[in-house]
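In the part that follows, the structures are each spelled out as structure tokens.
Heads up, the next two complexes both have subunit A, just with different partners, subunit B and then subunit C.
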Partner chain A sequence: MQTEFFTHLRCRECGRPYPPEAIHVCEWDFGPLEAVYDYEAIRRQISRKRIESRAPTMWRYREFLPLEGEPTVGTQVGFTPLIRAERLAKALGVREAYVKNDTVNYPTLSFKDRVVAVSLSRAKEMGFTVVACASTGNLANSVAANAASVGLESYVLIPADLEASKVLGSLVYGTRVVGIRGPYDKVNRLCSEIAGKYQWAFVNVNLRPYYAEGSKTMGFEIAEQLGWRLPAHTVIPMASGSLLTKIAKSYQEMIDTDLVEKTPFAIHGAQATGCNPISDAFQKGTELVRPVSKPQTIAKSLAIGTPADGYYAIQTIRKSGGAAEDASDEEILEGIRLLAETTGIFAETAGGVTVACARKLIASGKIPREGSVVLCVTGHGLKTAEVLAGVLGSPRVIEPSLREFDRLVSSDLAETPIPEGPGA
Partner chain B sequence: MSDLTTEQTIPVRIPTPLRGLTGNKDLVSARGGTIGEILKDLQAQFPGIGERLFDQTGTLRRFVAVYVNGEDIRFLQDQKTPVRPEDEVSIVPAVAGG
Partner chain C sequence: MTSVAQEKQRFWLTFGEELCQRPIICELARSFALTFNIRSAQVTQRTGLVAIELEGEREVLKQAIQWLEKQGVTVEPVELSTIEG
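Let's turn to the complex of A and B:
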């Protein structure tokens, strides 16, 4: 299988074509460059059967990814579980709910492994030896780990006040972690300037057209795992808005290449109330995304005040018949607990945002109660476990005595009767 | 005051996509007391730069971000943001990150 599918880059604003190089912005209007494919050739090449015969990784959708040769980084990434969540559905008040569980993505437990697999494979194709990123944490973890796995040198730039687990989860791979004083948007701006000066592969700056395409694989997997059909409703967390636009793109690509039937798919966006430039603009009925200068939310992975794809995210949501919501810190924590208690999945704060916003979208009828919804849960809870300190209470401690244990259980029984086990 | 502000020159960082118009320079000087004046002076010095930065209605394009000492001018006074010689102005493509 070779390169005839991905052809070149194109400005999303004016349509001017660009060669497939390490560039991300149109010289004429600064619009984002996007990968272009020959869908006719893809349609002739692939089928459901062919995809099903391949290894269970994101690379089973290789034709839709912008590489020239075969992937060399992150070859095991993706194909995470899609689980039917009956108890969660009941709690949310909807007929059917599924969780796309990227908390167990390989190797760094977030959806970012998908975008990094593509961008580092592309960086290697282009001959880069140093890779870098601006990150709210998950991306830094993934760049550090995947770079280490193939011996690429890496720099990861993060806001200096990130969660301890996310900082450690980068440092351990021997990357160069640079903390920047200020919010993510300042890290991002600095990285744009660094990328203009150093000849490095910044995965989400000069390699962004390749990087962003990796997110599509989450959408391909959802549709395949649903039995080759598109979900009527998908709820997706928004930071830059890129994941949301790419999942919508993946659904459309599957329609265009005859992999699924053309059925309506509403795309819903979820943000934290303390940093909600996209959901705020959506709710006000405008496409003008007003930047948030000082994001204040426990969902730090979503705390992007000037979202690069905010405009496109709003267009995608509107065009698909979806809606956008946001969730307070308290609702985010409730969302994390609800997901954990009903599905056994421990999500990071962004997952709490998705669950809390899905609940609101169902309550307001934007997602019909008799409908079916897929929740995209994008990162593992151990990465942001500190937000739960003081929320969950502590274990009760007793002496190693059966009498003490009996006393503890009888007090539990007094509160809520526990059914006796089969051995009783 | 007006003499001082119109004569002062301010360093401006030029992003890669515009360097074709600045003779490949990544740092240039421009005159003006506000961001609006600085951007106008850039157009005078480097013809063609204006149409890259502004759309037909004269508004800064959606994906162009301008910073003064690292602060987005949308959080200051947009094009009316005053600048002084010790300031540094950066023009940065807004499509990055996330």
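Let's turn to the complex of A and C:
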């Protein structure tokens, strides 16, 4: 049985081939490098049945991931639930809606565990002993936890003014957290210099071609969980734009290897209005992404002002017949609440962005009302709980008296009659 | 003999409408002791995007970037954002 399907890296711009090393841009034109596979060999090797017989993790799509051997980090990651959300669909005004629920991804409750599982497995294959990233939250948590799980040493670089709760979520794993003072663009520049200078596995810099491929597994899972078919519409939150381009790539790979039938799939992108370089460029009809120098949004996990894959995200959206939207902070909070109240899923701000943008795309007809849509919800609400402070009200407090409780319930009943239970 | 270490850095430069007509790179070349290598360039009437490799002493590189930014050019390392969410 063949076990190697990943062959080399290739420049997305000029197509020049590169060896599968810790490199991420083309020497020639600085184009991003991407993993290349032998799809013909994959097609011969896999089938729906074969995949279904494997453990319910992201590694059931192993052939489409850029490793040489078996994965060694994050072996339990992925295969999160895809739920049919009837009440959410009704509220959004669409016939059918599904939620891909990566708020319960293992171990750090966001889709980043997928990309980190691939990049750290690859880092180990290449012999790295120190792994690193620069992050404001989810990525840092995931690198710290997954590195700890296999005894890799890790460095996590963060802007010095990050909230304490975010920092805790990395510190607890014993990682080396370094806060860097200064404005965001300066921190960013230093991090790219550090990545260039130290021989570490920087998951989203020199290991980016491997890292990014991990996002495809979210798309594979969606199609398999829909009964081996592609969703007609998928709404995806965008920071760098990588997740969006990779979900589109996963759908195409499934077509190319005969796992699903070739049916049209529109890819829609979602951003926060306070940092919307990709959706703004899309709406203006250009492919030149204008950097946002001072992102201002509660959706901090999506606040990348200079998105590395912005150009490709726009191309993917256009080519697939999708659209891009953005949502204000108020709409994001409404989105979080709507999702929670209709599906029982508590998402972080990025999930609020997805829901709010889906609603707008449906209202404007970009997603047809009689259609079916999958919403990618990528991180857990407890990670950004502070944004809801003062939004939800507080519990009503009573004396320990049954009479007071009765009074409270009867005033509730006056508002909304509760259907009578069996004992009533 | 002491020689100062040479460094090579790679950037994306973005020019707005106001700057597209000005020979910025030429001015940069005259003012700083750096070697240039332009790897790709896309210029429309309203914006310009240039991939450039600069090589020289670390301090000179720093000054050159500061100068570019003062002229209104956006200077980004080719990694673009390394800080993610």
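The criterion applied here is as follows: the second predicted complex is superposed on the first by the 407 of 424 C-alpha atoms of A that agree within 3 Å, B and C clash if a C-alpha of one lies under 4 Å from a C-alpha of the other, contacts with A are read in each partner's own complex, and residues count from 1 in each chain.
One rule holds for everything that comes next: a residue touches a chain if its C-beta (ideal position, glycine included) is under 8 Å from a C-beta of that chain, and two chains touch if they have at least 3 such contacts.
In this text, all values refer to a predicted model and were calculated from it rather than measured experimentally.
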{"item": "Simultaneous placement of subunit C and subunit B on subunit A, clash or fit", "value": "clash"}
{"item": "Contacts of A:Pro159 with subunit B and subunit C, given as first, second, both or neither", "value": "second"}
{"item": "First, second, both or neither for A:Ala303, with subunit B first and subunit C second", "value": "second"}
{"item": "Which superposed partner A:Ala239 touches (first subunit B, second subunit C, both, neither)", "value": "both"}
{"item": "Which superposed partner A:Phe30 touches (first subunit B, second subunit C, both, neither)", "value": "both"}
{"item": "Subunit B versus subunit C as contact partner of A:Asn204, first or second or both or neither", "value": "both"}
{"item": "Touching partner for A:Tyr184 - first (subunit B), second (subunit C), both, neither", "value": "both"}
{"item": "Which superposed partner A:Ala134 touches (first subunit B, second subunit C, both, neither)", "value": "both"}
{"item": "First (subunit B), second (subunit C), both or neither touched by A:Pro291", "value": "both"}
{"item": "Common interface positions of subunit A, toward subunit B and toward subunit C", "value": "13, 24-25, 28-30, 134, 184, 187-189, 191-193, 195-196, 202, 204-205, 239-240, 291, 293, 304, 306-308"}
{"item": "Interfacial residue positions of subunit A with respect to subunit C in the complex", "value": "13, 24-25, 28-30, 133-139, 157, 159, 184, 187-189, 191-193, 195-196, 202, 204-205, 239-240, 288, 290-291, 293, 300-308, 350"}
{"item": "Subunit A contact footprint on subunit B (complex, rising order)", "value": "13, 15-18, 20, 26, 52, 55, 61-65, 67, 70, 72, 74-75, 90, 92-98"}
{"item": "Touching residues on subunit C, where the partner in the complex is subunit A", "value": "9-10, 12, 14, 39-40, 42, 44, 47, 49, 51, 74, 76-85"}
{"item": "Sites on subunit A touched by subunit B in the complex", "value": "13, 23-32, 134, 182, 184-193, 195-197, 202, 204-205, 208, 239-242, 291, 293, 304, 306-309, 311"}
